[in-house]
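Scroll down for the structure; my scribbles are underneath it.
As written, the chains take the letters A, B, C and D, and residue 1 is the first residue of each chain.
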Amino acid sequence: MSDLEELRQAIVQFTKDRDWDQFHNGKDLALALSIEASELNEAFLWKNAADVNVDKVKEELADVFNYAILIADKYDLDIKQIVMDKLKRNEEKYPVEKAYGSAKKYNEL
Amino acid sequence: MSDLEELRQAIVQFTKDRDWDQFHNGKDLALALSIEASELNEAFLWKNAADVNVDKVKEELADVFNYAILIADKYDLDIKQIVMDKLKRNEEKYPVEKAYGSAKKYNEL
Amino acid sequence: MSDLEELRQAIVQFTKDRDWDQFHNGKDLALALSIEASELNEAFLWKNAADVNVDKVKEELADVFNYAILIADKYDLDIKQIVMDKLKRNEEKYPVEKAYGSAKKYNEL
Amino acid sequence: MSDLEELRQAIVQFTKDRDWDQFHNGKDLALALSIEASELNEAFLWKNAADVNVDKVKEELADVFNYAILIADKYDLDIKQIVMDKLKRNEEKYPVEKAYGSAKKYNEL
């Protein structure tokens, strides 16, 4: 079994065991994801990146993956597929010769 | 190769090809993740979950995975490991007999 | 004195008394604002709007205003002015005859 | 009339003119606020604070105030009151002698 599928199954089972599926509509899952992303950001607040507590990063990043995987499951999305597809579109939006060494957004390149 | 490792390599290569590693400190990566999570939420704004545009979900969720994977790479974190570890801790924070059917936070259970 | 000016002075004084200005660059203030906005959202997570705890809304919304006012102060922005200016631009982006009763974004109207 | 009351009336009128009140439940308003806060953060992404485009800050900060004021209006909150109340609570959480020159959270002081 692929590792993403293994994670998906473990997370879905956790949710099922607690009968939480009733709360897990796409809108609230996206909200939960955003809240976890924000908690991850809090680890860096008022600090340089170098001073971050890596254990906190680990914990909050795990929460981000947890909800991201639940959203993919909710909409029957193949995570590997959608990420590779997006990468391909980004290759067109950010061609190497224009984007090299630049932090500009594609519409400003 | 595992799915997650394959994604990691593709994303890291994309970044390397554009010499973007110079911008990718942990703090800005976390910020970028949060911005993408927010764009995912925008797909649900002023709507019921049922009315969401799934193509938009796909696209923004892919961006979320992209930055989440870059953060894991930056801190040398094993995604499968940190998610499984967190799930274990969540099992203690949310024991089935207390958490079943409840949307309360662990400190309110 | 206007009430916004009164708030600004109280908040700036609070910050000065603690010598916190050294942490308050625009980037971290914006991050802090976003984290507080996220905590406000957490009050609504897994719930209908009607079931929210209003005391929690009060508290988190106050934090949002706190950082928003600090950002305005940092960039010497006149809050009343920038909000009224934006409202004027929004009147052009969302003319009543096109936007009436619609939740669409201006570029989809 | 106070500045905040003037802003509230202008914003509520803008909303009324477009019959947008139907979309403006507390949960979606909080979500909209969070999305605007995130757009403000995007102005700082991959940059030092010093390199920010102040016009972008102005615009996004105005949007943040817009939704924050709508939320206060929705819950009949007196903005000046809730901010001053929170400042008082923060004075207890962050006493000058403990918090001076420290970026730590109150529970770590």
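By our rule, a contact is a pair of C-beta atoms (placed from the backbone, for glycine too) under 8 Å apart; a residue touches a chain by one contact, two chains touch by 3 or more.
Source: prediction; values computed, not measured.
For chain pairs B-C and A-C, the one joined by more C-beta pairs in contact is A-C. Looking across C-D, A-D or B-C, the interface that copies A-B in more than half of its residue contact pairs is found at C-D. With centres defined as mean CA coordinates, subunit C is found 26 Å away from subunit A. Shared contact sites, meaning residues of subunit D that touch two or more other chains, fall at 23, 28, 31, 34, 38, 41, 44-47, 103.
Chain contact summary for the complex, subunit B toward subunit D: residues 23, 28, 31-32, 34-35, 38-39, 41-42, 44-46. Contact residues on subunit C toward subunit B in their complex (touch as defined above): 31, 34, 45-47, 103.
If you check the complex, the residues on subunit B that touch subunit A are 2-4, 6-7, 10-11, 14, 17-20, 22-23, 25-28, 30-31, 33-34, 37-38, 40-41, 43-44, 47-49, 52, 54, 57-59, 61-66, 68-69, 71-72, 75, 77, 79-80, 82-87, 90-91, 94, 96, 99-103.
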